Amino acid sequence: MESVVSFGLALLLAPLFPGVILKTKALFAGKQGPPLLIKYFTLIKLLRKGSVYSASTTFVFRLGPLISCAAAIMALLFFPFAGTAPLIAFHGDVIMVFYLLGLGRFFTIVAALDTASPFEGMGAAREAFFSTLAEAAIFVVLILFFRMNGALSLAAYFSGSQPISIIGSQGALLLLVIVALFMILLTENSRVPVDDPATHLELTMIHEVMILDHSGPDLALIELGAFYKLFFYASFIACLIKPPPLADPVANTLLFYGVIMLLYMVVGVVESIMARLKMDLVPKYILTAFALVFFAVILTLEIV
Amino acid sequence: MDILFAALLLVLAGGLAPLALHRWLSAAKVAHVSLVAAGCLTGLYGVYAAWGQSTPVLFSCPWLHSLTWSLSLDSLATAFLPPIFLLAPVIALYSYDYLDAVEHAWRTAVNHFFFSLLVAAMVLVTLADNMAAFALAWELMSLSSYALVLYDYEREETQRAAHLYLLFTQTGALLVFAAFGLLAQSTGSLAFAQIQLAPQAAKTAAFFLALIGFGSKAGVFPLHIWLPHAHPAAPSHVSALMSGVMIKMGVYGILRLYFLLNDFNPLFARTVLVLGMVSGVLGVVYALSKREIKRLLAYSSIENIGVIFIGCGLGMVGLSSGNRIMAAFGFAGGLLHVLNHALFKSLLFMGAGAILHTVGARKMDQLGGLMKTMPVTGRTFLAGSVAISGLPPFNGFVSEFLIYYAAFQGLGLQGPDFLLSMAAIIALALIGGLAAGCFTKVVGIVFLGEPRREHAHAATDPGPTMGAAMTLLAVACLGIGLWPEPFIRFAFAGLRDLAPLAAVSADVLGAVPHNLAVIARVFVGLLLALTALRRLLYRGKPVSQNTTWGCGFTQATSRIQYTGASYSLSIVDFHRPFIKTTTKFAALVRIFPGATQYSRKVEDLAEIGLHRLLVRPVLKIADKLRWIQHGHIQLYIGYIVFTIAALLLVV
Amino acid sequence: MINSIDLILVLILLAVLLSLGSSRMMALIKIMALQGAMVSLVPIFIEPQARLSNGGILFFQLMLLIKAVLIPGLLYMALNRIAIKREVEPLIGYHASLLVGLGLVMLSAYITRRMGLSLPGDYALLLITAITTTGGGLFLMMSRTKAITQVIGYLMLENGIYLVGTALTKHTHNIYLVEFGVLLDLLAGVMIMGIILHNINRAFDDVDTAYLEQLKD
């Protein structure tokens, strides 16, 4: 029951936090910014509309939003929010989660190519390239975590006798991992140094340009999927830096969402003070994240 | 065993019947398809019947007085037989509509004959229980597949490809036979069972010789050169059979020999694992850079052989380091991937064949928008692409998951084994991402968007048997993804008769198959629910059609679409030290530039290496020795006399 | 909690990796300053506090001053004075350099294990760091075109040698004298290089060492 509630809460609250990013950015720019609930309003607005489809598209184009959203929801099913047991957990489920997210990406890319637009092809090519590198980096994180406590499951990482946490015995290594994971979060969710969600020049976009032709409820599904994906990565990092769990589940949940709020604010700050990287520097950026984690793994050879 | 012999006879009859009936083409084809199908179903029944028995089924008879012809059906053979028996009838069914040229009736009949011969030869290879039987079956397999590649024998390109293939396969066979010779010399027997008595040095030498030989058949990275030439030249159903099933015989050979040697040398394990990683990653990178569909698929076969090798290599590492669970998962993952790859690679080659058959274009950048005109081909190809990218809920994910599982087990090891396991995980993740990139390219460029040339408009779905064959395979791919339990158990059962793994029963599996099945079904359920929700949301809403948003540009033509080359450009360039690209482009200089050209060529590093290190020196030496040949027949006879005399004196 | 010496060593290694991946001269110099500071802190944390004499503490302060402030400062000045282009201009690309860096770490872990040296305490990481830093310095010198990056590579190499020294010797003060000598050498080297840079810059309007080839007869 607790698991169902925490999963439902995550589904419900995930669209709130991107509003936090917008608010932070607005505050940095000295503006008042949109209301915190802006993303909910956007979703409702989109859901009430109809759609215009390009004559070039086929059923694949309509399948894209469905699969990417379903994959993101599936990822949340495995996640132990605020320490409560997730709905599904087994040894090896992380591999499943990242491959499901990969499936979502596959269909987003294919849907983009379905429009016959050169811009969307450009975005698709970039997405395919960068996410491959990011995936390799993520699997190195999994290797490190397996070295640390022998688990291969999201739930087991953060529970049991040796939970992986910054306050554990290997905090210094985790610092590297957290930095790297944050870089991966920015990459995988098309945030600033890699992709600029607020720009209006299609040539420089990655994710936004791929969904140019979607509209109405389809676009709402994509947006929702993107919120869930971002929330998944943020929760991953939040579990690493969260202080030890409190006895009271309500307080624990509040603490967890507090940390997540903080993370989204950091994303907002990063977006305000950094410029987008030149496209050909992005691989180096992701490789740096990869190097950080790989390096942490090599250190476990000696320290563990 | 008797049932299997009956099956072989039926399959061979399916090859002979078209030769007799070639004047009535349809009758010949019907006879071929039905007899092959009957034979394969009988064979499947035979495998199923033998499965229940705890000891291997043996058969032997004397042959040519001195040699014995002995066969056995153990668990490893039962793991490799189903892909043959399942795929052969489907591919035969596909060939019914594919080979529809009436003027080539005799050629079609001959093709059917060699097809049956190849299927029978592959069955015999898996059954062989001594070196003589194995060698004979192996040669039969190589020669019949060579004849199959030569279908379009008038075309020079086909001839070259077939000769290259013959060269590779015969050199490989030579090395395999050399390995057998070494072992036979040291044990004094041709029986497989005696091999383990050979001394250490002979075992090591034999393993590496055979690894090169079998590796060239399987298409492992530096030995793969024949694959990307032979597949585009061969007819598509032949490519499907060769790439889906035949190259796996190389994997079978390595596994068989490894277990027969009974020597769990860590060096063997690490070599196989490293070969797997290299050919996995480079295979997919080269696949990404290719412009012809069939060539791309050939490189993707190299990648998948790499994945199978990673699985087997992890299994071997597990054996050499004493980690039985890792060994079981690695080998089982490899075996299951053999079956899975057979299914989706055949499916994809069939799709490529359907495009060739109806559109006639080989280059991807000339196609586009085929999903609308070829719905069956497009949908099945999409399913195959998701499956080959190793994504859930299709079958490719199931076997890759098992291999990942083995690799993570290997992280508990020390020293180089740990590093190799880690490298294997990273390689698998990279392969997964790159394969997704590669197949989004194929699907996106070929089937989606707008047609890039006129002739792509005229495409239609191919004949009903081709569509049926592709649909069957696509359903099988999804089926294994949704009901993986029996198939995972099948792969584990393949390890039953292998002595070092006999102790590891299916208990180590635990809830793994069940979990995979549940998640796949939950995902499909969620997807269906979302689809229903989407339908509900769209009720009563205005839905209209318009052109694609061109970001303000309204004169869009189909030629401004992203091409396959531009899609893969940055990924390929990223791997530059390992892939050689040459770009020719005359830069624009004047204010009103005239027509200009851009061309980009990707060369295979292994081909360059082979040419530089082997072909050129050999040619040089041959050039120097030209004086031997001067046209006097008397002198040639003199050579013969001298050689015989020398041999008699020395030996 | 992880102990502070490991933290410092991890930071030094990170500096090596980052320096291999950085494309800006300014960033490179900042990284070197960080590395210098960390390297000069190492002996303090290895040495049990009680055994540090006043003289020793003075030495450390001096070292910190030189490694973290003086030398980077000089480099910074050189960079500004000669108006060198901000780009690093590598011969071997950043991606490959990063991977080489990872390979170096692995290699030095392997070498450390193979040597099986009986180090004081369990400072295996110290030796790994030392070897990686040395190798990183050499690689940087090898793979970058500009003269000023050669100096930086040399500095990193010296940091590595210094760390090897700290790892392998018992910490008596006469050893420090030797190291101080090395440091002075280095300082002189930096100054001379600065002047040379200046001259090269005047003469050829560039500081690419490839132009040094023109000097040969």
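Here the chain labels run A, B and C in written order, and each chain numbers its own residues starting at 1.
The definition used in the following text is that a contact is a pair of C-beta atoms (placed from the backbone, for glycine too) under 8 Å apart; a residue touches a chain by one contact, two chains touch by 3 or more.
For clarity, every value in this text was computed on a predicted model and none was experimentally measured.
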Pair joined by the larger number of C-beta contacts - B-C, A-C: A-C
Chain whose averaged C-alpha position falls nearest the assembly-wide average: B
CA centroid of chain A to CA centroid of chain C, Å: 37
Distance from the mean Cα position of chain C to that of chain B, given in whole angstrom: 50
Per-residue multi-chain contacts in chain B, two or more chains: 574
Residue list for chain C, restricted to those that touch at least two other chains: 95, 106
Multi-partner residues of chain A (at least 2 other chains): 283, 301
Residue ranges of chain B in contact with chain A within the complex: 368-369, 371-372, 378, 382, 386, 389-392, 397, 401, 404-405, 408, 411-412, 418, 422, 425-426, 428-430, 432-434, 436-437, 439-441, 443-445, 448-450, 510-512, 515-516, 518-519, 522-523, 526-527, 530-531, 534, 537-538, 541-551, 556, 558, 560-562, 566-571, 574
Of all residues in chain C, those that touch chain B in their complex: 95-96, 106
Residues of chain B touching chain C in the complex: 419, 574, 577
Touch list for chain A against partner chain B, complex: 47, 49-60, 62, 65-67, 69-71, 73-74, 77, 88, 90-93, 95-96, 99-100, 102-103, 105-106, 109-110, 112-122, 124-126, 128-129, 131-133, 135-136, 138-140, 142-143, 146-147, 150, 152, 202, 212-213, 216-218, 221, 280, 283, 297, 301
Interfacial residue positions of chain C with respect to chain A in the complex: 1-2, 6-7, 10, 13-14, 17-18, 21, 23, 94-95, 98-99, 101-102, 105-106, 109, 112, 124-125, 128
